[in-house]
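The following pair of complexes shares a single chain, subunit A, combined with subunit B in the former and subunit C in the latter.
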Partner chain A sequence: MLLLGVYFLLPLALLLAQSFRPLVIGQPAPPGLTLANYVRFLGDPFYLGTLRATLGLGIFVTVLAMTVGYPVAYGLARGRHRGKALLRLCVVAPLLVSVVIRTYGWIVLLANNGVVNQTLLALGLIGEPVRFMFTYTGVTIGLVHFALPVAILSLVGVIEAVDPALEEAARSLGAGPGRTFLRITLPLTLPGLAAGSMLVFALTVAAFVTPALMGGPSLIVLSTLIYQQMTVTLEWGFGAAVATILLVVATGLFLLYQRLLSLAPGVEQPG
Partner chain B sequence: MRTVRVLAALALAMAAGSAAAQPREIVFSGYGGDYGELMKKLVIEPFEKRLNAKVVYDATGSSAQKLAKLRASRDAYIYDVTVFTGYDLLAAGREGLMEPIAPTQVPNLPRLYDFAQREGQGWGPITSVDPLILLYNRDRVKPAPDSWAVLWDPRYKGKVAISHVSEGKGLYLLLVAAYMAGGDEKRIDGGFAKIRELVPNVGAWLTLSPQYVPYFQREDVWLAPYWSGRAQLMIDQGLPLGAVIPKEGTLAISNAFGVPKSARNKALAYEFVNFYLDAPQQEAWARKIYYTPTNREVTLPPEYAGRVAVGAEAIGRLRFPDEDHLARARGAWVERWNKEIYDALKYQK
Partner chain C sequence: MSVQGRLVLGTVNALIYVFLLAPILVVVIVSFGDAAFLQFPPRRLSLRWYTNLGEYPDFVASFWLSLLLAAATAATATAIGTPAAFALARHRFRGRALLSALVMSPLVLPGLVTGIALLQFFSLFRTEPSFGRLLIGHVVVTVPYVVRSVGAVLVGFDRSLEEAARGLGANAWTATRLITLPLIKPGLLAGAIFAFILSFDNVVVSIFLTTPRLVPLPIQIYNYVESSARPIIASISTLQIAVIVLLLAAAERVVGFSRYVGGGER
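Up next is the complex of A and B:
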């Protein structure tokens, strides 16, 4: 309880308090509380647009990461081949490398004169470099890679927990592989899918490094705004207000998602 | 009675001991990377030897982050001396966080150029300056450019790298653009209009200086407004680059030293500032890191001509913005930059 208080609640409380503080650059902080920081964000279509962009990117990356991650997780859980240990290592390995390094790796690959473009040009598949850097596509690629290990690991456990006998029974009763997956495996793994996608969504909307290094000024996410306020303009009140808004909206989406899942038949609450 | 005397003697001995062990030690808050290594070798080690003192080097963060840390800790001690970008020193001074520095504490102050004594507004000396230059790929940009206008040349579409205004190079580019449009830091609108016109030519949206190196290595970009000192370091690495102060002139950013009110060992901190301003240290620094020294007694050998602006005449050609105004206006400019460039890009599509 104490740990929870010190590591989680206290910083949040300080952040919340900061978001109601006025600030004039170049002067000692004036006393009193204000709603101005929230009004500045919520009353400005530009900032509301960055909120939409952040959540949209979060949802898009989550759907992609879970879709790409599911077959890999299935292979890890069910596979009996010898490459399984190696595959598991490949999934976990990115977690051992700092996200800054991983992002620089993607830049080397995706830059205009990077490895991918040079290869495609040499093969004659493209006439001029494809722009990945500072585009939505580039940031999405970077973030899906960033989130994939978490997506896969959250699925492996639940897939392993599904008794293979159930799938075999479905098959022996005449269901094809697709039908078996849709009627048996998928519903039984939904809780894992739900929990995993929440984790991935949380990681993505809070991601800072990838959007900062790979995104351009056409994709401004809230973490970038918060960073600018906290470390450059030093308008801490506004930065704290943006952080609080992100937290409240993301939590709201979580609760909504959980509610929707609980309405779906045969699904237990994830947790 | 004897116990009391023994205890008293012991107490005395302890008091004397702690007085002798009173550490001649300061914490210096500098930058990381090459800067830190050179600072230790060229300044800190000779200082420690000469004054029999110890300097703890704290390499965390940018100037803005140092200001943030100082602001967050207020009266609590964090370091004794810090390096700052000029406008951050002024902001810290305004907020009552800095100790004033006068020639009585730092006797080398009168040896500095007038602007270097004046611009810190009493909160500390300007210790070096670094002009914004035009960095270009010598193989790709021909003839060699001599005007900022080359950044806007349609031939170099997608070949320019710039920094966000929240970072020094972006801020100074905005000022250069404002001057080109006939304005200045207080009439910034023309600058923003020119930055919007620059958008189609920008191929890399970067922030910190080291980020530029791979983009120039891969030739993803050929042109960038960049800091003079770091440009010379890139040229020393053997990249086919040129660096020029364009004919329209340029603005320079200033580096300052300051002593916070919360410093523990102010006397030694002042001595450290004074030592750094000595001509030998200033010259050694200029030779290695290519910053323009502000001590007017410093000269450099001829091979540095064109690489470091040294001497009254060269410094006289540099412009210095009103840094006080920068400290105040920057927050609004960050917001405006975010919005206007977002719009310009949307319009472009």
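Up next is the complex of A and C:
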């Protein structure tokens, strides 16, 4: 445990301290603390743009992943067929494969001469390849795939906690499936849905590999900006400040998720 | 639900499952192609990209390095995480909440932030980057998973079994070996396997701690993908996936492991 203290808390404290150090490259920094790194971030339209891109992608991907994940989670929670264990494994499988390999798979699928474009061209649906790589569309697809298993796993427990008898009662009283869903299932799962969204959002804004490989230099988000600062431009103080901002956004939401979790019944904690 | 409703839900879900598995399956299929470039579906199947792996010594070295690193991480994280889980589950002591928060915090924190924090920390020492640094980084981010897995089996653990063994004359070590360890084995194994897989897959911590001579496999793949999407990446990726599948299959035979599967990249 001492090890965690030394190799986790200490480096973290150092990172925070570094973010308040003056901007000097290569030289031992003059003493004193400053907010210069944060002022620089907040005063520059380019950096603010990366923050906006990160949050925008985060919200969009979260909404998509929760929407797409809901029917799958519903099937897993309510299904009584024998293939359920296998389906669950299919949901978990992407989590077991390194995110670099998953991203490579998406590049094979989505490149200009990739599988998807070739198929669409062959079918005559498009005249020229759709640009997925280095665009918001491509990064969004990659990130939704990255977040989907967690979205589904967070929803399964939430849906399982809803007594099926309530849905059956609504149906027997004459409500259609759509109305039953909107009036019974959805409202009852809303707290868990909100909690799961926080988790998915926190994961998405902190994701690095997908935006780095699929967004390239044309789509910089906080995580790729941090990587640049730490390894290419070597402005560690500024990198540390951006990392602190990311930490506040992602970890703050994760803690909010846990808070909501304690209020929402039946939420399974993935992770 | 009506037959119609089931049909719609079933079709939608089938498409989503295809989406979930597509990028993984495509990598595996492409790896068995015969062409010098990426081809899907492959016109002819071959093992070409497996038999010529030897021509990519950097990939081979990375593969063995990652395997060793993952095994060392699993062993170390289990050795550290298990006592922590016991302390948290069985004792009420001052600082318990703090210990709990400390153990879990690498789970809450984006891995990237942990990575750069370690990079800055290690740069304070003038020592050369080494295997030890990678190991420390991986242990820090995997210990929480071990604590959770072991903690989960300890919740339902009946301590009177241990007391009965002691009452029947077993000493502490014998009681632990014969009673406690077999009972917590599923959690222990699940934690170790989590740690192994997370280390074997890790990018965000490794990327800041690699050296030109010590490049874990996911970082090597990352570097290759960044320059070009060649078929050799598909075959080494498939081998990476195969290691994890074999590991899980072996674990499934020892204890029903599938109950414990779940998790996320952080």
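Brief remarks on what is shown
Basically, the second predicted complex is superposed on the first by the 230 of 271 C-alpha atoms of A that agree within 3 Å, B and C clash if a C-alpha of one lies under 4 Å from a C-alpha of the other, contacts with A are read in each partner's own complex, and residues count from 1 in each chain.
As a working rule, contacts are C-beta pairs under 8 Å (C-beta built on N, C-alpha and C of every residue); 3 or more make two chains touch, one makes a residue touch a chain.
In this text the structure is predicted, and so the values were computed from the model without any measurement.
In the superposed model, A:Asn112 lies in contact with subunit B only, and not with subunit C. In the superposition on chain A, no contact is made by A:Gly174 with either subunit B or subunit C. By the touch criterion defined above, A:Ser218 lies against subunit B but remains apart from subunit C after alignment on the C-alpha atoms of chain A. Once chain A of one complex is fitted onto chain A of the other, the partner contacts of A:Ala243 are limited to subunit C, with no touch recorded for subunit B.
In the superposition on chain A, contact is made by A:Leu87 with subunit C only, not with subunit B.
Once chain A of one complex is fitted onto chain A of the other, the partner contacts of A:Phe46 are limited to subunit B, with no touch recorded for subunit C.
Of the two partner chains placed by the overlay, only subunit B lies in contact with A:Leu234; subunit C stays clear of it.
Touch criterion met: A:Pro71 reaches subunit C, while subunit B stays clear of it. By the document's definition of touching, neither partner reaches A:Gly127: not subunit B, not subunit C.
The larger set of touched subunit A residues comes from C, when the choice is between subunit B and subunit C. Residue overlap on subunit A between the subunit B contacts of one complex and the subunit C contacts of the other covers 107-108, 111, 212-213, 230-231.
Contact residues of subunit A toward subunit C in the complex are 1, 3-5, 7-12, 14-15, 18, 68-69, 71-72, 74-75, 85, 87-109, 111, 115, 118, 145-146, 148-150, 153, 177, 203, 206, 208-209, 212-213, 223, 226-227, 230-231, 236, 239-240, 243, 246-247, 250-251, 254-255, 268, 270-271. Of all residues in subunit C, those touching subunit A in their complex are 1-2, 5, 9-10, 12-13, 16-17, 19-27, 30, 38, 40, 80, 84, 99, 102-103, 105-114, 116-121, 124, 136-137, 139-140, 143, 197, 200-204, 207-208, 217-218, 221-222, 225-226, 229, 233-234, 237, 240-241, 244, 248, 258, 261-266. Considering their complex, residues 62, 64-65, 67-68, 71, 90-91, 94-96, 158, 164, 166-167, 203-205, 207, 211, 214-215, 218-220, 324, 327-328, 330-331, 334, 337-339, 341-342, 345-346 of subunit B touch subunit A. By the touch criterion stated above, subunit A contacts subunit B in their complex at residues 25-28, 46, 107-108, 111-114, 133-134, 212-213, 216-218, 220, 225, 228, 230-235.
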